[in-house]
Amino acid sequence: MRFLLCLLALPALALAEPAFAQDAAAESALSGADTAWMLISTALVLLMTPALAFFYGGLVRSKNTLNTMMMSFISLGVAGVLWAVFGYSLAFGDGNKWIGDFSMAFLSGVGLEADGSIPSLLFMAFQGTFFIITAALISGAVVERMRFKAYLIFISLWGLLVYAPVCHWVWSGNAWLGDLGALDFAGGAVVHINAGVAAVVAALVLGARKDYGRQAIIPHNVPFVLLGAGLLWFGWFGFNGGSALAADGIAALALVNTMLAPAATLTMWTILDIGRTGKVTAVGAATAIVVGLVAVTPAAGFVSPISSVLIGAITALPCYFAIQWRARTRLDDSLDVFAAHGLGGIMGALLTGVFAESAWNGGSDGLLFGNPGQLGIQALSIVAVMAYSGLVTFVILKVVGLVTSLRPGIPHEGMGLDIVSHGEEAYSDGEGIVLLLDEDARSSAA
Amino acid sequence: MKLVRAIIRPEKLTDVLTALFQAEITGLTVTRVRGHGGETEIVETYRGTTAKKELTEKIMLDIGVSDPVLDTAIETLVAAARTGEVGDGKVFVLPVEKIYRIRTGEEDVSAVTPIAAEASA
Amino acid sequence: MRFLLCLLALPALALAEPAFAQDAAAESALSGADTAWMLISTALVLLMTPALAFFYGGLVRSKNTLNTMMMSFISLGVAGVLWAVFGYSLAFGDGNKWIGDFSMAFLSGVGLEADGSIPSLLFMAFQGTFFIITAALISGAVVERMRFKAYLIFISLWGLLVYAPVCHWVWSGNAWLGDLGALDFAGGAVVHINAGVAAVVAALVLGARKDYGRQAIIPHNVPFVLLGAGLLWFGWFGFNGGSALAADGIAALALVNTMLAPAATLTMWTILDIGRTGKVTAVGAATAIVVGLVAVTPAAGFVSPISSVLIGAITALPCYFAIQWRARTRLDDSLDVFAAHGLGGIMGALLTGVFAESAWNGGSDGLLFGNPGQLGIQALSIVAVMAYSGLVTFVILKVVGLVTSLRPGIPHEGMGLDIVSHGEEAYSDGEGIVLLLDEDARSSAA
Amino acid sequence: MRFLLCLLALPALALAEPAFAQDAAAESALSGADTAWMLISTALVLLMTPALAFFYGGLVRSKNTLNTMMMSFISLGVAGVLWAVFGYSLAFGDGNKWIGDFSMAFLSGVGLEADGSIPSLLFMAFQGTFFIITAALISGAVVERMRFKAYLIFISLWGLLVYAPVCHWVWSGNAWLGDLGALDFAGGAVVHINAGVAAVVAALVLGARKDYGRQAIIPHNVPFVLLGAGLLWFGWFGFNGGSALAADGIAALALVNTMLAPAATLTMWTILDIGRTGKVTAVGAATAIVVGLVAVTPAAGFVSPISSVLIGAITALPCYFAIQWRARTRLDDSLDVFAAHGLGGIMGALLTGVFAESAWNGGSDGLLFGNPGQLGIQALSIVAVMAYSGLVTFVILKVVGLVTSLRPGIPHEGMGLDIVSHGEEAYSDGEGIVLLLDEDARSSAA
Amino acid sequence: MKLVRAIIRPEKLTDVLTALFQAEITGLTVTRVRGHGGETEIVETYRGTTAKKELTEKIMLDIGVSDPVLDTAIETLVAAARTGEVGDGKVFVLPVEKIYRIRTGEEDVSAVTPIAAEASA
Amino acid sequence: MKLVRAIIRPEKLTDVLTALFQAEITGLTVTRVRGHGGETEIVETYRGTTAKKELTEKIMLDIGVSDPVLDTAIETLVAAARTGEVGDGKVFVLPVEKIYRIRTGEEDVSAVTPIAAEASA
């Protein structure tokens, strides 16, 4: 649906005068209702990045809490600016089948004229929130052991060199994956598979934390994990529902599916937990919610509500066992970004090819509704995104590693990155912390 | 003078405090600690990580007492802290060479004599 | 208003083809603006369940934090799925005066066609969020001492056997309480009185916590309680405002009342706190906000803003003193679900019968505006809901108690249910926690 | 834009019958889409006050957490009620050039008729959320050392005597600053400069905390600060976006600018942090987000997106260094309300006079677009608000100080205000806390 | 050698540390504890529950000292920790049989001699 | 009997526990403390406030041992806790006059003898 809409909308965009004028004619094509929904959807998706900071921040040890949270928060700044400067143009500029161009760099020509039924500026911002969170998602694989400055350089490059092209392929309306008919309602491939693969590569390039596999590394604040999961779910209604780009039946379908699929995943995860250990874990519940949300992301506006219940329930199985198994390997994808986002996204993308139903989405059918070919297209898009993301992420990290070291020294890793990289502690009672007055500060720095 | 150091169950703290106060032992210091003894083991699971909690929450009491009060203190404490289940804890009696009250500089026995009058003020 | 709307809408629902088609004609009756508002309202109400997890979770001792939070979170999964499978049909299916039917089980026939001015699927989801939170509300009465599996079975049965029928009575549009003209804008009776009574019964059947009345049981994290209250208030704008089912004047009235009534309750509570102890408690403020929100729930779209200020202020009194008094009894309704939701709901339902004003709501007057009969109808609906909810809750708990024990053993209760039921701790510094590698895990399980 | 809208709308308001009738004619002028957006915007702005409670609450020491949070929460009650009772009428009543009147006291005549395209009641509520948060903002300057009752009296008087008139000047549509053409889209002067100046005055009148400058006073919970910042950003989309009072292009512009400006401030702050200490602080990041939001507030609907990036980036500089410098003075503006809100608001108001662009806002140009006079008007409005707010705040505090003491005794300040003013602790493990049964309670109170 | 164990007010910690460091006593260990002595009682209220806080926050310092330093240590500490109000705390002096420095295995006096040179590194 | 009190690095706790358990020393109590020794100083910045962290996180172990076990205990502990970097910590050996097991009232040596049989139950 979405990529079709983009398809229709983009020529308009490209033709837009570079003027900043509020063109009266264009304004008349705006729908207030659609604009209202996209305004709040944009706000909702932006909230997901702080939510992610809590989801991730609660899972690490307290000495790395702020570092982990800042890996998300900093994306709100750096990736936010980069999107306006180059990212949007690279992703949605006309360009060619593979990548956009610089025609809209510095938001040149992006104004209040209608793109579909909403101001094109608003479309830019909505897409920007996706860019921000995708970069932040990767951080879950490298927490507790990546130098913050290296991380900053990495996500900046990654956003422009990996996210923008992949987004262009699928959603720009004039690129190869979209043309093939790959279905990705709100970013199963663009966001989740993409980030999930980058995460695995980053975890491999950086290597495991020094304590990994030797000590128990336990979440320091599980309520924060639940808070993050709750706010992520809330924000995801904008992520999926807003991907309809209108306040219509498809938005309603996407939103309802975004409610039902995670419910089903959570229920299935509970059953698996009871079966395996008899204990329904809270970290498991938070994980299940995210997995269900990921799984329904590519499918949200394409499948029936009951299909989304099935997608949620089915996806629980591989992700549950992948997480169990991963912890027994030497792959320190610390917060299981691949098992949750990568694998969840793959399942979602494939199941979209199975359950898509033109009776609901007004266009595309999947395997179960007589169009087995769709599954092939979905598989192709998965493979393409995985290959490209994996390869370029690897190259970027190697290059960043030439410029600056990726990891702090072992003693610094032991002290925790909050102190080392941020000069702060997440929780402090102030005891034994002595104020440095100006003179002291100077002499102590000396 | 002696320092009585007792390790007890957290849920027994209220009972122990009440008993000690009734026995007019009101000066004491409490620390949250964790102990390993013969208690049952606890296994925790976080995603794929399974871990054994080797330490259970305990409370440590430090009570500086003058020699005549020592036996009362120990008896009261042990009686109030006992459940009969493994994990009730231990009492250590350490010799003390000197005690000072910081506020007044008073030494030894008078340093640990509660100041009943002021306390109620 | 709401039940009138439902009345009008339901025949349409019932007649809807079991097809999943996006009927072009039906689509044309959709209002984008109303859909936009109901999309976000649904998201807002869903957020209330995580919010409740924090409100409740902060009030218990840290050893039971996750257990308490999970009692809310699990409802997002289990109740969410149950609603789609049977609950919605039992509540809103035609059925008879007493209960719906299975005609819409598995969402059969619930599609994107308009129900009023929004897709009927969206109406289903909006109502589903009410189902989810009502089940979770009860948990406040049984925290720190109910086995999690017993709780799971209990809320599943309770949702289908208590919530669905009561919801049907009031809101389905073809059942006895609605027909009588009982006013319940957003769920004073259906949600709050219902949950409040179930809570008392559950507290009585389970008995008090082992430490209740013997030790001081102190909230472990008051900021979480405030966070929960803040997010609940935010979500409640969707709860009450969304119950207008449209972005119209009634929605505005409901939303404004939802802002003013808790403000008044909070102010009154502050005065009472100052009068009684001289100290304005934060837990009290959080409680006051919830009480005010509960009180205005049945009234929100029926009364004037100034009436809602009065409703908020008046309701503070009985609830404040009920909470003081309850703690001195042997009734361990641990988080005062009855005093806040039950009593607050009763006050709200009665005061709706006093302050309802057709000049604002376009239809119903209360005692003060010349229609004393309304108060009687309100009282009847309260009694009916209390009797039914109390009785059936009791029976369900007794039956569940036959199948599995409701409470953990005393030593387990002492250890805290986070470890016992979930195998996790809310806050951990990881000290003295030793990683079990596969072999150890196996031998240790043996 | 906004004040123009108000200008048009206010006669309608004033003429409205004191009746509560839902006038059919007026209703017809309502826009569902605009109403939907203003409903959610109102909810979003209300959420900012709990968000502020976390932003501020995390920055203080744990013994003052609840006191600090309650300074925000109580405003939701007291200021909420005051707004309905007198505040709205004083701010938006016809009155004269300097202040409104009591014509709409107790919401008399404020009904569901259209004010612009939304119900006037909704406009009242939206403005009420601004009143609530502005009072709460000041608290950051007096935390850890102001008696709670004195604070209650202070903010009540401040709201009516300072906020209401200043709001009238700028936004009522018939007062002097608006008439001059001062541009303040969403409250740079009314909210932020106003609160910032009041904060400095309050810090001066109260004097520094006893430990200030002698001990290191360290934030006790930085994740809460980040949570607050994240939720503030989210709520601020309603604050700025909703100030368009419609779901139109200006709302989109305001919302997008509210996303880009803080992103730029955060990026610039990161660069400054790296340059100065090499460490990117989390407290700094949270501060930067708020500074960027403040800076874009007066500008949001008047400037182009790229200008808002510049506004965000430029404002980072003075605010960053002001915060560094302030901590070395004897001015204990504890949470830097002036450096963030006052100075940020001044920068924003001036830069609005520089970057305003009629091509985007359809009316007003700034210095860069050929209208240097606008900068003078902006400067005048800044000076006027600072002078009035500073003076009246001073008088109010002195008067309150005559009635009741503003500060607790030194030992009480040492114990922390949570225990002293609220009889609670934020975090408690319950150890050594003994239940008082009724008899004990009585004898212990004696 | 002795172990000096002092219980002081949390707000005095900075002063005490500064004083000790000036007296060149730099090896010490600090624990958060809670104490019951003659301090004023605090009543808390949470909804209907009224409770008495029997314990107030305190800081415990453990300082292993060689005999010659003992008196300086105690005097410095007591002077810095005193406010004159009830609740200033106590100092206990315990005998120590042996001290080891884990890093080097050094024993007794040399184990508690601060390593000034390295410290500044 | 003696009380062995060791201050170690938090990251060494797991190693030390494992080593002690292997040496069949299973009764012990652990406290979170902070220490000041020769460790490198840490500077923190919060907005305009710059501060020096004088104390680093440490773990304190209290182990009551009977005299024959004393040497094993110390050796095991020191070996497992050593990294060779400044900040490894100290061991203090304090004399103990009496030990009681709260559960049974047993005294002294038998009070600190682990109850292997029950433990595995």
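Every chain is named by a letter (A, B, C, D, E and F) in the order it is written, and numbering of its residues begins at 1.
Assume a contact is a pair of C-beta atoms (placed from the backbone, for glycine too) under 8 Å apart; a residue touches a chain by one contact, two chains touch by 3 or more.
Predicted, not measured: the structure shown is a model, and the values here were computed from it.
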Chain pair with more C-beta contacts, D-E versus B-D: D-E
From the options D-E, B-D or A-E, the pair that copies A-F, where over half of the contact pairs coincide: D-E
Whole-Å separation of chain centres (CA-atom averages), chain D against chain F: 51
Interchain centroid distance [CA atoms averaged], chain E/chain F, Å: 18
In chain B, residues with contacts to at least two other chains: 14, 17, 30-32, 34, 36, 44-46, 49, 51, 54-55, 85, 94-95
Contacts with 2+ other chains: residues of chain C: 31-33, 36-37, 40, 215-219, 221, 227, 277, 279, 281, 283, 328, 423-425, 429, 431-436
Contact graph of the chains (line, ring, star, complete, other): complete
List of chain C residues in touch with chain B within their complex: 211, 215, 411, 414, 419, 423-425, 431-436, 440-441, 444-445
Chain C residues touching chain A - in the complex, by the definition given at the top: 19-22, 27, 30-33, 35-40, 42-43, 46-47, 49-51, 53-54, 57, 65-66, 69-70, 73-74, 76-78, 80-81, 84, 106-107, 110-112, 118-119, 121-122, 124-125, 128-129, 148-149, 152, 221, 224, 227, 421-430, 433-436, 438
Residue ranges of chain B touching chain A (in the complex, touch as defined): 44-49, 51
Chain D to chain B touching residues, read off their complex: 429, 431-432, 434
Residue ranges of chain B in contact with chain F within the complex: 2, 6-8, 31-38, 40, 54-55, 58, 60, 74, 78, 81-95
